[in-house]
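The data blocks that follow each hold one structure.
Next, two complexes with chain A in common: one pairs it with chain B, the other with chain C.
Take a look at the complex of A and B:
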């Protein structure tokens, strides 16, 4: 049986699964909407992965990334839990070892990663504002009654883009409505929105950073041809959208997991039986001190697997002691 | 005459508590310190303070509320200037007024003015004013002031000798790490209040890092570096941060620099930028800006911190081991 490596990226909008073979080729990828239910979606994804591999492959390593990486790692038994920046950089370098810039726009985060000599040299993530991320585009597409998949196509048909204020999602929306009321055509407004998003991204995130080719564009928003073209116009450079742009975080997690298990010699992947277990996250407010921390408890078949969210560690440490003792 | 004086564990507490404590103790006052920042203090601060203020000023309001009913009077000096020809943030000057107009049911407030812009002589007046609430004996006040100044000098020497204010004032344990050398630049009340910065220093220690803060650098070195700027930075605390950043830029003795800024801080909005430019132009040292706000989720700060540490480790290992991804 051949080995394969599982990478899972639990993001705010999508949860992605990737299986890599021994040569680093993507055997299978899944892009599922998280829908605010990471545990259910994780199980769904794992079921699909299990059915796909059957008895042809065995999972030799698993890694998680994304904002839900801790939760996912506890459920699947991850050999490595990595932040999205490192995961995206590793994946990009596997596709193009000469990568110098990575633009990544996901559901609620956007990032720029500057690579020099094959390693992360500098990076930035959006700070207090989510304007210009995937969820904003999603919302606008829904408001305009256009499927998000076709959103970018409309932008390409524009001949005369209108200027939309992209500083803030709320302002951008009222600006778009205003432009609609004055009778501007939809294609121009959508293109204006793409340009606003790109302008905002470059002003906020890329401020002062040298964007050099090859430039890879990753994350769900890279599917939007309107945004890709707006980036190319603004940067006057070619933008490369890698084949697996939408699951690059998961690819990175799989690569890192493989490296990790090759170093230590075994995997802690829990296997697919966990799909049958009933996982449940419950939260309660600790009343021990005036911090009133919201503690989250992860239960597997009514057994506490982990706790987190407390500042002092009385809950999370208690669990760890129990684990160490048992 | 008062007996009990309440001192908020916030803002300049981290700079002047040894001085204040020694002085009030020696004029016969009993000192009540507010609790360490907790959820209730944050909520009260946000509730009572004007909305436009920065998070540290809001927290100060919360600490005031925490002291109500525990002391006969509260100490909120009107801090205008702590050095010749220099100022501090205008919010500190207006602090007694903000507190009086925003927080109900206050005990009397001792708001002696401290303004050393022209000369240190004014300090004497401040001591006499503050002391007069506890004793009529002027000689006793003056002796207390002398002892307090000595305590202040000893405290500065201890800090410059390598002990963090949080170690001295809050008994914080600092491990003897010899891993990454990371400079953390920011205002004292952001650096040493674990609640406000989500345990940033602790997280760095867990990663084996040694942490360097502006307070650990000798005053003379900070002055010398800050004097190299084309124009004098006339805010005392900003000058300390700038001088420290220039020291790290010149010595190149740290692996990375993190600037910790609170959202809405007018001074940091451009001092952070100046520090970043200085470091990026003169050195290759990675720089990351973390903006603190009222967010209670830690995922954002954890991801950024993890990615930053990964990047530093990757860079360090790159010379000898090409496959390391941190």
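Take a look at the complex of A and C:
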């Protein structure tokens, strides 16, 4: 039975699964909508992965990334838990070892990663504004009644993009409505939105950073040809969208997990039986001190498997004591 | 008269010492918590910055426990802080709280007015009786700040994870319960010895990060995710650029006496920002340069959302990064209590600094970092 490596990226909008083979080739990828229910989606994804694998492969390593990486790591038994920046960089370098810039736009955040000599040299991640993210586009597409998949195509048909404020999602929306009311055509408005997002991204995140080729564009938004083209116009450079652009975080997690298990010699992957367990995350407010931490408790079949969220360690360490004892 | 004051990190140690020594009755507000923030956001103007909101929460929680007089520092600085005291008065009066607010500042009426206010704070006694307690309180605060600084150096090197946290937690719990300068000084000394006797890995060379930015969010752990503790537990040595004892010495004492001398950070900030634009913009830029010159691996800038001076400093920062090759991560703080996004950035930043260090070491460049 051949070995394969599992990477899971639990993001705010999508939860992605990737299986890599021994040569680093993607055997299987899944792009599922998280829908605010990471545990349910994790189990769904694992079920699909199990059915795909059958008895052809065995999982030799698993890694998690994304904003839900802690939760996912506890459920699947991850050999490595890594932040998205590192995961995206590792995946990009596996595709193009000479990568110098990574643009990544996901559902809730966007990042720019500057790579020099095969290492992350600098990065930025948007902090306080949603205007440069996929959710912003999702919302505007919904407003215009256009499926998000077709959004970019409309932009390419535009000959004269209208200028739309890109600083803030609220400004952009009112600007867009105004332009619609004055009778501007849909294609031009959509193209204007793409340009606004790119402008926001470059002004906000990329300020003072040297964007050099090769430039890889990753994350769900890279599917949008309108945005790709707006980036190319603005940067006057070619933008490379890698084949697995939408699951690069998961690819990175799988690569890192493989490195980790090769170092330590075994995996702690829990196996697929966990699909049958009933997982539940409950939170409560600790009243021990005035910090009033929100403590999250992860239950597997009503047994506490982990707790986190406390600043003092009273609960998260209690778990370890219990584990040490039992 | 029962006096209270706003929280700002460990500043309560200073205020407590002073009031203990003066025999003034006082209430330390409950440690900043979610309710403090809720009260603040409910009653402060929406566009106000985070520190003002938390102050309001502190006051209300203290008034609930019986405080009737509020002591705050003021200033005629060009940042919004200069306006805080007036805002506090209006907001609390509007809520129907009958409290007196005494603002300690050197305003256009000069030192005599400050003395008059100090006299009111200590219940009409002569201001000269304040001199010794003030001196003692300043010494205690300096020792308390030094103690925290020491913990930042011990934490990343500790052999048994959590030992520094346990020592510091015990100190913070106890310091509120001991009375007077002598006992507090003793506790600080005791804690210091505990830290010094913590078993550490002497050969471990942690990466070093300097923390710069707006003073309140830098000092109050509730607003900065306890960042020094978080980084320390990730094995990073932290240095904080601003301390309250330093601020009081520079701005209240030397500033009030017009004896303030030019600081190293001002010289370093000058090529980027010639004049003080309020808040701590010059400190942020100048201290980042100083960190780079001391071979720090990186710096983290922290400020509350909409903080004008820090926004200006932040927009100049890429030039500092470029000139001195020092990476800077900017964290903007607000009401957000979900920490995941911040942790991701901090985690990635630390990852990056570690790799940069490895490369520099491989290239034998470490001594050249800086210019």
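In this text, the second predicted complex is superposed on the first by the 326 of 326 C-alpha atoms of A that agree within 3 Å, B and C clash if a C-alpha of one lies under 4 Å from a C-alpha of the other, contacts with A are read in each partner's own complex, and residues count from 1 in each chain.
Convention: contacts are C-beta pairs under 8 Å (C-beta built on N, C-alpha and C of every residue); 3 or more make two chains touch, one makes a residue touch a chain.
Note that this is a predicted model, so its numbers are computed, not measured.
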| item | value |
| --- | --- |
| Joint occupancy of chain A by chain B and chain C, clash or fit | clash |
| Touching partner for A:312 - first (chain B), second (chain C), both, neither | second |
| Touched partner set for A:208, first chain B, second chain C, both or neither | both |
| Chain B versus chain C as contact partner of A:25, first or second or both or neither | neither |
| First (chain B), second (chain C), both or neither touched by A:1 | neither |
| Partner chain in contact with A:86 - chain B first, chain C second, else both or neither | both |
| Chain B versus chain C as contact partner of A:259, first or second or both or neither | first |
| Partner chain in contact with A:125 - chain B first, chain C second, else both or neither | both |
| Chain C-contacting residues of chain A that also contact chain B | 67, 83-86, 117, 119-123, 125, 127-128, 208, 289-292, 311 |
| In the complex, chain A residues that touch chain C | 67, 83-86, 109, 117, 119-123, 125, 127-128, 207-209, 289-292, 294, 311-313, 317 |
| List of chain A residues in touch with chain B within their complex | 67, 82-86, 90, 117-123, 125, 127-128, 208, 256, 259, 289-293, 311 |
| Chain B to chain A touching residues, read off their complex | 35, 38-41, 195, 199, 263, 276-277, 280, 286, 291, 293, 299, 302-304, 306-308, 310-311, 314-315, 318, 322-323, 325-326 |
| In the complex with chain A, residue positions of chain C that touch it | 30-35, 162, 165, 169, 226, 305, 315, 317-319, 321-322, 327, 330-332, 334, 337, 340-341, 344-345, 347-349, 351-352, 355-356, 359 |
